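For reference, the structure is listed below as structure tokens.
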Amino acid sequence: MRMGLFSKAVMLLTALASAPSAFAQPKELLIGALLPLTGPAAPIGIEERNGVQFAVDEVNAAGGAAGVPVRVIFDDSQGKPDQAVLSFNRMLDLHSVPVIITAYSSISLAIAPLATRREVLVVNPAAQTNKLEKASPFLINTIPLVNAEARVLARYAVDKIGKKAAIIYENAAAGIDGATDFRKYFEAVGGQIIAEEPVEFGQTNYRATLLKIAAAKPDFVYIAITQSQAAMADQIGQVANFPVGIGNTFSSPFFGFKSTEGWYQTGIQSGQLEPAKVSSFKEKLKVEEMGFFAREYYNATKIILKAAEALIASGRPVTGAALRDKIQEIKTFSSPVATITFEDNNASRPVEILQYRGDKRVLLEAVNPTR
Amino acid sequence: MTYLAVSHVTKTFGGLVALDDCSFVIAPGRISCVVGPNGAGKTSIFNVVTGFIKADTGTVVFKDKDVTSLSRHDRVRLGIARTFQNLRLFEELSALDNVLVCLADEAGNGPLAAMFRPFHTEAVLKRKKAEAAALLDEVGLGHKIEVPAASLSYGQKKLLCIARVLATRAELILLDEPTSGLAAGALDAMVTMIHTLKARGRTLLVVEHNTRIVQRIADDVLFFHRGRLLAQGSPDEITSNEELGRIYFGRGDEH
Amino acid sequence: MLYLQLFVDGVVSGCAIGLVSISFSYFYSVTGTFHVAHAGIYTLCGYVAWALVAAGAPFIAALMLAVLAGALSGYATQHVLYQRLADRQASPLVMMIASIGLLTVLQNIVAIVFSPNIVQFDMPWRVGHLDIAGVTLSHPQALIALVSIVIFVGLTVFSARTDLGKRIRAIASNAELAEITRLDPKRVFAYVLAISSAIVAVPAVLVGVDQAMQPYTSLIVLLTAVVAMIAGGIGSLPGAFGMSIVLAVIQSLSVALIPGRWSIAAVFGIFILFILLKPEGLFRRRFSRAL
Amino acid sequence: MNFFLSFVILAEIFSIAALSTNLLMGIIGIFSVAQAAIMGIGAYTVALLMMSGVPFFVALLAAIVLCAAVNVISSLPSLRLAGDYFIITSFGTQLVATAVFINWQGLTGGASGLFDIPLATIGGWTFATARQFVLLSTLCLVAVAGSFWLLMRSPYGRLLHAIRQDEIAAVAAGRRVLRAKVGVAAVSGAYAGIAGGLYATYISFIDPTSFDIHVSVLVVTMLVVGGARTLSGSIIGPFLLIAVPQLLAMIDLPSTLLGPMRQLVYGLILIAFMVWRPQGIAGRRL
């Protein structure tokens, strides 16, 4: 894994001096992983990195992908689109990878046109913005996008909670998409949005917003924020008669407060691996648990490797286009994490509805969203 | 024709009266010295004439044109230019550039021509450089063209100020203490310079402390005290006035 | 009732911003240094208190130590950085850029040493609240209002009534006068920044207790405080404090009327109007430093 | 090769942004931490026009004109009022611009940004790959640097330096100082517009964080490190500072702390240059 700075410099110089070679080395299968290893999203990026590394180590320990050893090239996107473009080019120039695993909507969107142009497969296991659905014929999403979750939640809310809703959303990509989609599907099934308030990313004082929402007296409030949920939960505790809240995958930190008892959230079904694997993961990577992102990136890597294995076994070159076609050909990938079906480039997976009851999150329903 | 007429100018700062109903007329082609003790309003009258402060009441008329509400740069273009007691040179620029940016000619002073008509601008630059160099020659700084203003001696800096004010082509020139702080040699050069300016048809208004210099250069003297113009007359009339002498040298002052 | 609650919340936020504003104003009017790094000291103090509480220190001790940390870092900033720059005849632009550099350094030291994430104080009492005539105030909010007013009055009295305060003001209004006051401006500037930084530690900690903290958000707080200072008249402590409350109340009430996302734009819109129409501010007394 | 070229392209784009900042901060002495915002306006203008079918060249011209106008308007308070107020105006401009990029969702796509911005095409030439685009960005940098050099050499450039050193004296010489400052603000805005337009078509994705205050501070850092006032300084700085993270990426040091660490290094660089070398590597004393 670890290379000396000198050998890297030599590689850089060789790559600069020679024209880029068109094909990957046959002796080794390379996978690129472009993750936010530094910056505000770094904790998640590191967890994602662990998931990818664990999957690759597992395959290598079993003799490689159809006998070919696998190596991951990690690169840091810093969570910034311009750095991602640099990293993308660095991976293709220095390593000629056929596939890149990414994180973050903006990063995936920024490299999507480059992927189309250079026919490199981009696999997105975590970002959910709807624009990713058709960003590039070379972009595969292994997680359901926001609209899938919102659709399930909207139907459930109308049936079981009420028809008058308010929305609090974070004024950033995930929050805006969440609010827009929820409104669309909720209104489509007969619901009505009576109030809507954005909050800023990084804001910690929500009092005015909460008061305004409570004053509108909705049946429930849909909350799509990705951080400082704890501060919001504290301040909700001070507002009399605050309506019940519902949220999406990002709402998990709301769980466990007195003020959020009885709230709902959707979640993407993401099961734990076999206990033996989990403990091996914790031991190898020296972490406390195998979290959501580690599992998802592990699973996405395994999907890529399964397709690559099939290609190598049949003696075909592992290119971006071939990988994509193979994934769609295999279509259904089952693992303890999830059963994923690719009708097109986008995974279709069950979505769960959970409720906070005391110290438990109770599973109310698991729905497979239909497109 | 009225050349320069200041009428009933009053200016107060807070409660302090800087100029109190001052009126005077200056004839063209003469050197008028503004004298008076510290705080008499000498610099204030300069500021009012050149537009650096706005008078509370009163008017300034230059060549039959009321300039009271004209902007500072418009007064320069009409022909009223000044120097400063604290010089205000562009210290980092060369002597040549100090003069060059003061040239009356507006050609080449905009960004569009500079970027899109480079050859034209180059020609303008060449012409302006020659013009500025000629002015530096005139004040005796021809050998210091490329030297940054900051590195000149104090006397040379004062001459550079003269070159700058000449560059504006103004015909009425206000010099704020041109000889202060000069050693004997430089002082004589400056006095000669002032006479040369007069000989070229310039009208000069000069703030001057040194009574001997006043005797050497002045055609008229304006005597200010506590914001009021006490007297205007020939140098001999003013110096022979004992009361003015008492005020000027502080003798008999009630404080 | 909604409006009353919004108004009261606005006043409380305004008190906290007011402390940032008067402490910035005090240093700025004495030295003329545009101390952007004040926001960095704000962040630092908040996290120091948070770390101490997390390590088991009683809250009062943590608050006091955070104030001390503020005073020390303020003193060091003037002594090590600004004074050195002033000795080299640095232009205000250079001071300002160095201050931006210091802000970046402080924020990231906090992220590295403490945490890059949003953190909350682990103290049960902070979620308790009072209900007074239908208006709800959390315990930390009540504390913010109380402490802010005490500190504001204290600094105003110190500056206007005490001998030392008057002599410091004399230095501010005229560098030559400084000689008569027999104070060494170098040392006075360092003390003034120490006092300012000690003051700014208080809202940093208390707002952190009330809500949550993040290393990178303090610049917005500072800019709002500076807008209040300018609108209130540079050099006037009551002006700065009062305008901070006015701005915060406007921001809070505006949420009920317009979408909250435009409130930053609104604050700066008000500011632009101010500097175009009334550049001397509302409560300007006397500020003779050449700007 | 693409990697090296994409590094060159980004460095060239930021050199243009640094020259824009240099005109304001270095030459005329107006503090600015809002050049990323102006660059953002250029980027959004080019992106939106191209996405509605306007050719690249026309879109870029529109961006240049719009950015010149916006830069003049936003620096108008600082042009009229001397002093520290414009520090706040500058911060305010940046924050308001970011708020507009985020909140004017109908136009800017809000926080999720605009993606799939078309490729730059001029007269049948398409600048798709890094190898092609580097021609375009180099051409633009040469044009901008050339105009900067011509400006500084002309009588106007000398006037700008004079105004920075003593505005009163420039007025006393009969110069229209306000007009000269408006001119330089317009040129600076035009440069930022070019930088933004290139950025939008090259990265093909823009969002509000691409042009936030951190980017403005980064541009100031680039300028200060390279050296204010000079042409070479504005080019050396961006090349150096964009290379730093690329070199860090060559070392296996992934950690949650590397991001703050890099920011910390930038901050220390700023302080160190201000204390020991305010003229930067190849500039003049600020």
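In this document, chain identifiers A, B, C and D correspond to the written order of the chains, with residue numbering beginning at 1 in each.
One rule holds for everything that comes next: a contact is a pair of C-beta atoms (placed from the backbone, for glycine too) under 8 Å apart; a residue touches a chain by one contact, two chains touch by 3 or more.
Bear in mind that the values here come from a model prediction, so they are computed numbers and not experimental data.
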Comparing each chain's Cα average against the average over all protein Cα atoms, the nearest is chain D
Ranking A-C and C-D by C-beta pairs in contact puts on top C-D
What is the distance in Å between the mean C-alpha positions of chain A and chain C?
40
Interchain centroid distance [CA atoms averaged], chain A/chain D, Å:
33
Any idea how many Å lie between the Cα centroids of chain B and chain D?
42
Contacts with two or more other chains, residues of chain A listed in rising order
40, 42-43, 171
In chain C, what residues contact two or more other chains?
116, 259, 261
Give me the residues of chain D that touch two or more other chains.
102-103, 256-257, 259, 261
In graph terms, with chains as vertices and touches as edges, which category applies: line, ring, star, complete, or other?
other
Chains touch one another in the pairs A-C, A-D, B-D, C-D
Chain A residues touching chain D in their complex are 1-3, 5, 8-9, 12, 15-16, 19-20, 37-40, 42-43, 46, 49, 74-76, 78, 80-83, 85-87, 89-90, 92-94, 105-106, 109-110, 112-114, 117, 129, 131, 135, 171-173, 175-177, 201
Listed in rising order, the residues of chain B that touch chain D in the complex are 50, 52, 72-73, 76-77, 81-82, 84, 88-93, 97-98, 100-102, 104, 107-115, 118, 121, 124-125, 128, 164, 167-168
As the complex stands, chain D meets chain A at residues 1-7, 10, 102-103, 105, 110-113, 115-116, 128-130, 199, 202-207, 209-210, 245-246, 249-252, 254-259, 261-262
Chain D - residues contacting chain B, complex:
147, 150-151, 153-159, 161-162, 165-166, 168-177, 180, 183-184, 186-187, 284
Parts of chain A lying in touch with chain C, wherever the complex brings them together:
40, 42-43, 171, 197-200, 202, 204-205, 207-209, 211-212, 215, 227-228, 230-231, 234-235, 237-240
